[in-house]
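For reference, the structure discussed in these notes is given below.
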Amino acid sequence: MLESIIQNILNALQWGSFYSLIALGYCLVYGVLLLINFAHGDIFMVGAYIAFFVATFFLAAVGLPGWAVIALCVPLTMALTALVGVTLERVAYRPLRRKGAHRLYVVITALMCGLILENGNLALLGASRRLFPTLVETQVFNIGGIAVTNLKIAVILVAILSFVFLETVVSKTKMGMAMRAISYDKFAIPLMGIAPDKVVVFTFILGSSFAGLAGLMFAMSYPVLDPYMGALIGWKAFIAAVVGGIGSVRGAFAGGFLLGFVEIMVVAFFPSTYRDLIAFTILLVILTYKPTGLFGVARFQKI
Amino acid sequence: MQKFAVPIFVGLLFGFFVVTAATGAMNLYWQSVFMFMGINIILAVSLNIINGYMGEFACGHAGFMAVGAYVSSLLSVMLFAKDKVFGEALLNPDLALVLFPVVLLVGALVAAVTGLIVAIPSFKTRGDYLAIITIAANYIVKSTIENIDAIGGARGFMGMSRVTKAMEKTVDLPWMTIWVFIGTIFTIWIVWRFISSTYGKGIIAICQDEIAAEIMSVNTNKMKIVAFMLSSGLAGLAGGLFAHVLGYVNPGSFTILKSTEVMVMVYLGGMGSLSGSVMSAILFTLLLEALRPLQIIKWVVIPLMLVLLMHMRPEGIMGNRELTDVFPRLKKFVSFKK
Amino acid sequence: MSLLEIQNMTQRFGGLTAVSDFSVRLEKGELCGLIGPNGAGKTTIFNLVSGFYTPTVGAIEFNGENITGKKPHKVTGKGVARTFQNIRLWHDMTVLDNIRVSQHNHLGYGFLDAVLRLPRYNRRTSEIDAWAFEILEALQLAQYANEYPKNLSYGLRRRVEIARALSTKPKLLLLDEPAAGLNTADLDGLISLIRWIYENFDITIWMIEHQMQVVMTLCQRIQVIDFGATIAQGTPKEIQNNPEVIKAYLGDDTI
Amino acid sequence: MLLEIENLKVRYGTIEALHGVSFSVDTGEIVALLGANGAGKTTTLHSIMRLPPPEAPKVVEGDIRFRGQSILTTEPYDVVRKMNMNLVPEGRHIFGNLTVYENLWIATTARTDGQENIDKDFERVFSLFPRLAERRRQQSESLSGGEQQMLAVGRALMSKCDVILLDEPSMGLAPLLMYELFRTLKQLNEEGMTILVVEQNARVALQFAHRGYVLDTGQIVAEGPSDKLMEDPEVKKAYLGG
Amino acid sequence: ETIKIGFNIPLTGDIPDVGESSKQAAEMLLKKVNDAGGIEVGGATYTLQFVYEDNESKAESALSATRKLITQDKVLGIIGPQSSKQAVPAGEAADDLETPMISPWSTNPDTTLDRPFVFRGCFLDPFQGPVVVNFASEEFGATKAAVLYDIASDYPKGLAEVFKAAWEDKHGAGSVVAFETFTTKDVDFSAQLTNITKSGAEVLFVPQYYNEVPLIVKQAKSLGWDKPIIGADAWAGGDLMSLCGDDCKGYFFSTHYAAAGAEGATKEFIDEYTAIYGKTPDDVAALTWDSTNLMLEAIKMTGGLTGDIDEDRIKIKDALGTVTDFEGITGTMTFTPEGDPIKCAVVVKIDDAGEFSFYKQVCP
């Protein structure tokens, strides 16, 4: 019994890490533009595919050893995914903002972009799924009946480090402060001598590159890629981000792990079909009693 | 004369559908296209109450649709058809025709009550947090159904086609087409009346400045309940029709994706524009059918078109205006704003 | 019995005490002023009276009835209406609808009446419209009935906001800086408007204002607060020459 | 001339808000821009700051010159960085989700003149508005109207600026503070800051400014030294309330 | 004069290459027949015309596709859908609209139950289940089994339940020590697999579609599962090995036919198919081929079409009912009154080359 609990805690940590990583991206973009970037889940998917191509290229074509490939994959994937994110912002979102469209229209556009990415990928690469090559042999350490793989540990570490990094950027740097300020009043940003678009682009670079990183880690842990892999996990990560307190990096991180834990634990001890039921009931209750999420600050109304 | 222009128009439309469908001049496929169109109109118009007029961001419409769909399906199958789950029909199938509207309304009613899951948190929770609550509600409903194995769980529930057949046996008319038509008109009518009354404008006030609304004598909580229940009730109605048109329901058809589909229709039409919602629902349905041959490409083309459309009209097709504002001549026949 | 009576009311926000041990008593038919430095707690007091906050300590009695902790729309129903420091109209609703909607408290019909257009609905609607137009006429806004507030000049918006407040048939009207953002010329207009309302409606007015010209010409009685506590009250004349008020609030007008 | 506005015509969509406005501000001057509500004062200031769409009006004709060169194509943040010009916007536009201190700090982003100058300016702002010093850790959202106005002015002072445009700075300020503010501005002006102020309270404004322009429905209808304007019967009647 | 046959197949969605294989097989047959001058029914010869509708591997779409094929394209009969998830609801529609439908690959009983117009080209799970049970018990001498299946899909659910029942009356109640579920589109099974590894089961039965198997297998291994895993016919999709890599090698599953080591008509078909499409036909290709031939056979058996489509459809249905000893490449078929053929199952082993090699055959 105790064994399986510990085992499941590990599972939950891994699963939660992915929610967290994706949620972080969501929350950055939201924090700046109040834009629920529904395409984020699919940017994550694109990240996974980019990782796939980069990896297979260096493995097959160049023939590098696994560890070297990873070393190259991480920066390349992050960079390329960031590129995708920024492109979306430039061609799809910015023009709308310029036209002063209601923010929900940008949200809907994001949704559409998500669909385009998913199905565009399907149309381009064909329907059959891809197997992500094994870069490092997964070693299963069996400690007293508890199976730990090197991958699990890596994933969890990556999630934590990313969080620490982003948290410092947002709360300590001027850029981070500009990011928070712009979400409240973008009108006054230029008056601070700051170029709003720079801030926005920077945010998308951050958000997307970490989606890319998540994609890579995900592809390594669940090595079967399909174009729709981002949709569902994206939605859930978004929900996690909000429950944590949307716009708050800390909240996104915590929310991700919360959701991960609830899901795994429910499945471990109840029929798996109760997972969504219980998980979402919990979230609903949290939001009803804490209307701005776990870490969100109440945006109070001055009248 | 002008006073009756609208009723007459509706009547003619109705006649057209019934006759063409009954004579088979319109084949089943086209009938079903028009039925889905009607259902989409109901969904878009009802969601517009919340996302358009009240300015909230509800993304769980499909959940309420599901409730309506299941409740009315179970009821009608239980009452009027022989079935694996419920055994013999409880009533004489000939009654199906008469009682079907009642069955639909019961479905809608239950859905409306379910709407409270969202309405009550909405007192305190706003904006994107409420959005999550709606999504959660959607998942909860879906997952609840999945866990009731007696009604097929995740694999869905069937048998409604027997009920529709029963109706057609009693009087040989394309009944589902008729019911969908009536349902659609009913929805538009009720929402328009609600929204154009000073009472209903309370929710528009909430949208534009909730604090001012509360302080300037609008009982915001009550209005929210009314709005959410009306909206989800109508969604339930749509669900009931959907289930009987398809003759099969499964929780898989009521996911967030369905909800987002409805959202797209609302925003495409324009927040707070009835005629907008109607138009975009029609447009959307036709687009979906017209591009069927493209197979997977269709799902690239459609979003692409929508994105472009939003870039051309960043407020949706109609913005927050109605046809009568665009073609003032129509004012003779209908008055929207007053 | 006085119309509004507040006794030793205190409001804290976290560590900060915005209103401390504040008491006031307004008689029917008075026109009083509430002034004080920025951040003294004036708006907060109005928010407390209109039910937007519930006081941390103390009770608010209106018209002999304890209204502490009542929901804002209920309070308005009892006859307290207000305007806001920075205008809060429903900007995408016509002026007329702004007035109509603020009738919500005494609509006198419900959902079904609205949807089925029962006789009650039609009767009440025409009554409401009649009243709305009466108000608009009275404030010379009739010609803007179908305009959207967002397209009106600042001065007019103020006027509409006052009209909206009046349309709720208040016994007590709270004006939070009605002159803010108006230019000197318009002030005279505002002053005469408020006076006109005061004379033609059976109403009590309590206003916050930083434009001395307005306060001093209109108010019969002025209460000065600082850090949430009363530091002086009396007639305009007394206040103008009260050294403490000058020190804390008026200052010297050399530039 | 430091700042020259020449025959400026601007639009919001199809509505023309300014129909050929021309005026100029010289280094070290205090110039007041008066006018009824909706005259186009804010529009003028926004045009000068080159604020981006959708807020900004579109300049359809005319020119805005800073030290002789046109700034029509300059980005707003460069107006701040390069021209050292800044605006205290109508309606404050403070960053409510940041603390008072952060609001002031973020304004120094564009500055390159070293920490000690920045610290000096902090001193100055806090001594000018002690209330801000008390509340430096408070979420600026929850400040009172007037406090927010102080913050907005303070923020402009923190950013690197030799030319400051003020849009109704006295809006919602208690008399004491209003006079206080204008005195400080006067002092800053003596230290060499050029000031263009839009003000509803014409009397105060004209006491404060060297020269003034009167704007009416998008056109300059009167101009001249303050004392002259004070006397001008038209102006008296329309803007000083008889 | 043409004869229209409709195909209701998943060209997009979860299992697109099932759709692809079906279409390829059909195209191959179409070409073959039409090149031979079309088919000859009661004296008249007709050219064949196939209409492909995509059911996006969704139940609803499968339904509307069925309706469209019947009412708009006016096909004589329908082949598909492949997976029970769609075949069960689609069957209802076809039966309502009185149009013969043959699902090549749906093994769930409900597909044809009480539906005179619905047939299938394969064996049923109530038969397949015991086959797997017996095999597992004999091959590995296992007495405790675990099952991991998708509860949201007819096929896995149905088969899992059959398996459980069969296993338990072989080894006694409670001998299925872990009966874990998940929901379509899940990717993380760690919690379920943790329970399974801890349950002390000796064999794991995974009645899942080939596209879901690899993730399950890989995660099972990374959670320390080293005992055999066994599957069913849904494993036999083209992609299984390309997705699973080495991890699936050495496992067994029951299915409809084995390409490796086939002879006779089957071999011809395989060679021809391989020649055209450059890959060995998977189960669904073979089954689709058979089912389509069945349909044509039945059309021939009507001995002449009246041209009144409704009448013809009924005639075809009746004809199908009477088909006996039809020689298909996946075995000879005779229909039960329910419209189900009686066929043999084969157990294949995934050998080290990654081939599905014939291991043994089990007949009813």
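As written, the chains take the letters A, B, C, D and E, and residue 1 is the first residue of each chain.
By definition in this document, contacts are C-beta pairs under 8 Å (C-beta built on N, C-alpha and C of every residue); 3 or more make two chains touch, one makes a residue touch a chain.
Remember, it's a predicted structure, so these values are computed and weren't measured experimentally.
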Task = Figure out the least number of contact steps between chain A and chain B, where 1 means they touch directly.
result = 1
Inquiry  = With a step meaning a move to a chain it touches, how many steps does the shortest path from chain A to chain D take?
reply    = 1
Query = Which of the chain pairs holds the record for C-beta pairs in contact?
reply = A-B
Remark   = Whole-angstrom distance, CA centroid of chain C to CA centroid of chain D, is 30
Task = Could you put a whole-Å number on the gap between the CA centroids of chain B and chain E?
result = 37
Message = Using Cα averages as centroids, what's the distance between chain A and chain C in whole Å?
response = 48
Request  = Please compute the C-alpha centroid of chain B, do the same for chain D, then give the distance between them in whole Å.
outcome  = 52
Remark   = By the touch definition above, chain E meets two or more other chains at residues 11-12, 151-152, 183
Ask   = Mind pulling the chain D residues that touch 2 or more other chains?
value = 142-143
Ask   = Considering chain A alone, which of its residues make contact with at least two other chains?
value = 99-100, 122, 127, 271, 273, 275-276, 303
Key: chain B contact footprint on chain C (complex, rising order)   = 50-52, 71-73, 76-77, 81-82, 84, 88-94, 97, 100-105, 107, 109-111, 113-117, 121, 125, 128, 164-165, 168
Request  = Flag every residue of chain E that touches chain B in the complex, lowest number first.
outcome  = 11-12, 54, 58-60, 63-64, 67-68, 70-72, 85, 88-89, 92-93, 96, 151-154, 157, 183-184
Query = Any idea which chain B residues touch chain E in the complex?
reply = 27-30, 32, 146, 153-156, 158, 161, 165, 246-248, 250, 252-253, 295-296
Ask   = Tell me, which parts of chain A touch chain D in their complex?
value = 98-100, 174, 177-178, 180-181, 183-185, 187-196, 297, 299-300, 302
Request  = Provide the residue numbers of chain B that touch chain A in the complex, in ascending order.
outcome  = 51, 57, 117, 120-121, 124-126, 128-129, 131-133, 135-137, 139-140, 142-144, 146-147, 153-154, 211, 215, 256-257, 260, 263-264, 267-268, 271, 296-297, 299-300, 302-304, 306-307, 310-311, 314-316
